[in-house]
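Labels run A, B, C, D and E following the written order; every chain starts at residue 1.
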């Protein structure tokens, strides 16, 4: 075999078969395990998008043939399934992943296979693989605007609470640099293991610290325990609001509207966003999956990602990775969240930022938006205070 | 101090459980070749005394075998000094064959390298023991398939290959039929000649037939000691232990 | 007499030798010629699990120690290897990518030794071995066993995973370590090298099976069974059961570590999800299904279960959990000897159902005895 | 009273008793004798229902109880003293008796303790900590406490000191002589067994090889039968 | 001082949660020797019971009060079903019960996912349990106080049942020697069922209570199972007393660690404490002494 320094083309030959009248794409979401709660919804909206595209005649005249795999909430399984989809099924592109660890696990696989992954969830930035399109928000499209909003509302001190993994830790690193530059005091920083369910100690610390607001990067089940405890401890949105970046519509029901009323979230999309595209999206989604279902930011980003890919392929008139990538820059879609545009340099997309308040109806209502799409800046190069991060 | 024969010497041995003295100052000496029977009422402390000797029960006083003090050593170290025992309920390794049982019993001193190799030949001591306890024909059978009496013999065989210098047997013939008891008694006599043997028993016929000397325990203390006839004639022993009918007249 | 015994051994060994030949042919000849590159590398991962299973067969099947924490040792071996590969990719004096990203940009001191390939190879065996020895000795010496041991080992797996997750800057946290480009200088994107990794894992499995065979046949193997069934009795023969058990536990840990170390270059990733409570129990299912106390059972069971898991989860993504649960229930409840029991001789049923147990013996000892 | 008719029973696939028939006379004693491993215990376990015969029947007062669960049999008057000094090790001696009394409202603990005065001293001790003989006495006491009409005894005097053995033998004799109790007895001490029994059965390799009237005069016949 | 007293309460509260989760195990594991990994899923079933009852009743307070007995019955019924179908044949190999019940746990979890959906559901707390109670020395969460009281009541009830009633003796006798228990007239089958019913029922109650604190979702029980077993093991198998001390001990330790370090390290710390503790007392706080083995 080849030593590393031997010359030779090591990337695998693409095996994508485009000769027939259909083309395969792969969905990889956790349908089991702890992340199934969230990722199942993404899977649903991806299916919806594929169906709509097929109903509309497909991509370049070819019907989409979807191969679904279960990532089982484990990075190793995501890597395995990505390997299967690219290596054995020879899909033209992959859609899915949620946690950053699932994305990091698939990254070397898609790079090695010369394939494409469309990743639909907001994340911690500091990454830009040529084989991944990031259709969720990077930090300057979610966290930074959220901080701006809090600062604008007069928050002089923050308490940071997060789940113990890469996204919250990196996000908090950014928040701390922002705080330093903007004269905001960080009164505490606490991490709980994913799935942690006892927040009495952390809540005690939060209460004693008495910050102006809490910035939460908690993920999953922990949110329920945290907000119940928060309320039981007598804390409320009025005296110490919590800004969350990982609670979307489908989590609100499980956490309990009563526990969340008045709290803040930062995303690029809410079910309540008022665009004609969103009206159609919500309507189609409910027609497909039932009236009680809600739509959320990652679902919308996943839904949009499929249309973005379609536009890129059609612009390139080819399914080949290199052609698609070359064609990607400037591709635009009128998405439910508003117009989004691909930035060919970093494979992210320009998105509108929003801060929302959770209402008693369980929906999230926009209280602030950026007005126009914000250009993606995964390394925060455009922000002076983030100097050190930008070197990464 | 020089000696020609091994002997087991207990002096002022006490075992206490939560304030209850199960063994309360027992002193006795058992010489090699002397088949010593230990009798006494239920709960007198016989088993506890055996436990103390073999390291299972924590005791005070002194228990010496040859030059070694046994007290305070862990069970397996005491076993390595040549003290072996059997249990009231036969306890052999049921998943292993008779041969394997004996081979394990013979091998506590083996080094790691020997242990990690397969057994290529049957050690002579094991072969001998198989004959002695009459299990040669059953060598490949799993010990779990043996009958109660055969298991007890296997246990004695394990003591033999273990090269135990002291054998402590807790009710070895309980549940055996008359001729099995006879056979076991003869076996003990044969192997006991160059060993120190303590037998705990309630079977008086068996004792009469095979005991060289007897120690009677009562309430944790030595009540009487001596030859079979002396002890049997002792009115105190009759009162607490034998009752009026001492004999069933079966081992004849 | 001696001659007869040896001759008998050879004859009795024939099926085993045939078994070895069968596995060798299947893994080294048939599989590579039939499977696609992706499937072969997947099988390579399963072979790594099978290596772990061989160790569990020893500790649990033979030694009665239900170890719910093999993920720890698998993880130790895997992380040692992954650290080396990360450092290797980073080049001399270099800093692995994730440390630059999330950490201080400096390599912690305890990573440094793993720059050396030799230290790494030694550590793959030594780290799990030493940890298992320290832990095993402490636990077994105090006669913690049966359910206590099982639950303690499970707690250790949980603790290990949490610890890894909490140290993001030095262990990669939930992301784990991945994105390797080379393995001891060999390019991991090269299909030929991937194939070689498969052969390496398969050969290792065969070596581990040989080692297990030798242990099964050895006097130590018999002693281990004796300790499993009657730990206290063994003490009275002059053995220290704690030592006997510790040896088996360490061997199982070392095998798990080797399995983990080989898993990393093949799978291309190791993360806390692969070492915690759930994967640790996952390791057991194959062993149970194959037949815990047999020689080939654990390894074949592990291969079969992993294969079934993958293909079932591909065909019925959301149904797999039911299959997995039902498999556990069915095999353990109704086929305690595993599939091996269907073909071969049944091991003698333990005769300790309640009444036959020693009356002085409390529940904990019965727990031990039953496995 | 209690009848075992052509009982075949064993463990798993292995049959241990191959068609044994034993009959316990009303208010009398039947003794089962035999070598170690002959299948005596196995037969008794089938009689109380701890093992299910593969064929054959078990009758109590002429009623077929072959399929009845053990605890139901006990409530119909069967009691069993297993071999090997068994007890509930974590329960105190007193609780060992009380648990029986709970299930049998008519039971009088004091009365059985009068039969085994030595137990009074150790009532507060856990059964698992008792000496072998103490445990055996406790086992017999438990069985008597169920107020049995048929008592099944598996080597009841094993491990008991001679003076108490004599008392137990006396108790058995007097209870049966009073006509209130029938006994199925397994004993290695052929002398006592034959003295007490109206009928004896010699079991060898799971088959009844010899049977006859009890009484000391049968001694030689039995020894001859057992010597095979 | 406020920090101290609120942390003290946090520890006690965590202990009471652990206790509630572990109490049923103390019975089924401690007394019967069954290592029931599906105990966590019985807890989950209790939580979903609270959800369903709330859906029917509406009023949060009434539904909570109703859910406690109903959750007990639901958990108990699941336990009995498990006992009757699988565990009954496994009493002589307790370690295997761990693996079988793990399989059952997987199935129950997936069932919950298919029945109630993957996302968490919301069980509303009654108004009188949302918010604070002033105990003088500290402001404590009313819901946590409620759980503390509930767990103490459960322990007292169970303790009384086992100690004083004949049932307790019967359970212990059955576990210690099944055949013998039968032969003295105890119906071991119904005793097993009843024990399992109570033990699993307690899991159901725990589930109802936990809806006040955390999420109600398919994986609710998994979060508690390892800790609950640790409590029983550290307490000494078969010892309700030990279980109580261990639960509160571990709760306080975790709360203290968590306050001074992080939640992750606290979890690891607690495990290390238990391992070290078992070095000192291998059989738990209250060890069960018996005579010589073999």
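In this text, contacts are C-beta pairs under 8 Å (C-beta built on N, C-alpha and C of every residue); 3 or more make two chains touch, one makes a residue touch a chain.
Chains and their UniProt names: B = Urea transport system ATP-binding protein; C, E = Urea ABC transporter membrane protein; D = Urea ABC transporter ATP-binding protein.
This is a predicted model, so every value here is computed, not measured.
**Student:** Out of every possible chain pairing, name the one holding the most C-beta contact pairs.
**Tutor:** Counting C-beta pairs in contact per chain pair, the top pair is C-E.
**Student:** Hey, which chain ends up farthest from chain E, C-alpha centres compared?
**Tutor:** Centre of mass proxy via C-alpha means gives B as farthest from chain E.
**Student:** Taking mean CA positions as centres, which chain lies farthest from chain D?
**Tutor:** A
**Student:** List the centre-to-centre spacing of chain A and chain C in whole Å, with centres computed as mean CA coordinates.
**Tutor:** A distance of 36 Å separates the two centres.
**Student:** Cα centroid separation between chain A and chain D, in whole Å?
**Tutor:** 75
**Student:** Averaging over Cα atoms per chain, report the distance between chain B and chain E in Å.
**Tutor:** 47
**Student:** Of all residues in chain A, which are in touch with two or more distinct other chains?
**Tutor:** Expected reply: 32, 164, 191, 193.
**Student:** Provide the list of chain C residues touching at least two other chains, using ranges where the numbers run on.
**Tutor:** 162, 165-166, 230, 233, 236, 318, 321, 350-351, 355, 358-363
**Student:** Would you pick out the residues of chain B that each touch at least 2 other chains?
**Tutor:** As it turns out, chain B has residues touching two or more other chains at 47, 87, 89, 91.
**Student:** Mind pulling up the chain E residues that touch chain A in the complex?
**Tutor:** Touching chain A: residues 2-3, 6-7, 9-10, 13-14, 17, 110, 113, 118-125, 130-132, 139, 141-144, 212-217, 219-220, 222-224, 254-255, 258-259, 262-264, 267 of chain E.
**Student:** What does chain A use to touch chain E in their complex?
**Tutor:** 32, 34, 36-38, 40-41, 164, 190-193, 195-198, 200-202, 204-205, 208, 221, 223-225, 228-229, 231-234, 250-251, 253-258
**Student:** Of all residues in chain C, which touch chain E in the complex?
**Tutor:** 66, 68, 138-139, 142-144, 146-148, 150-152, 154-156, 158-159, 162-163, 165-166, 230-233, 236, 277, 281, 284-285, 288, 318, 321-322, 324-329, 332-333, 336, 350, 352-355, 357-367, 370-371
**Student:** Quick one: in the complex, what on chain E touches chain D?
**Tutor:** Residue list for chain E touching chain D: 166, 169-170, 172-173, 176-177, 179-189, 238, 288-291.
**Student:** Mind pulling up the chain B residues that touch chain D in the complex?
**Tutor:** Going by the criterion above, the answer is residues 17, 40-44, 46-48, 88-89, 146-150, 171, 174-180, 202, 204, 240-246, 248-250.
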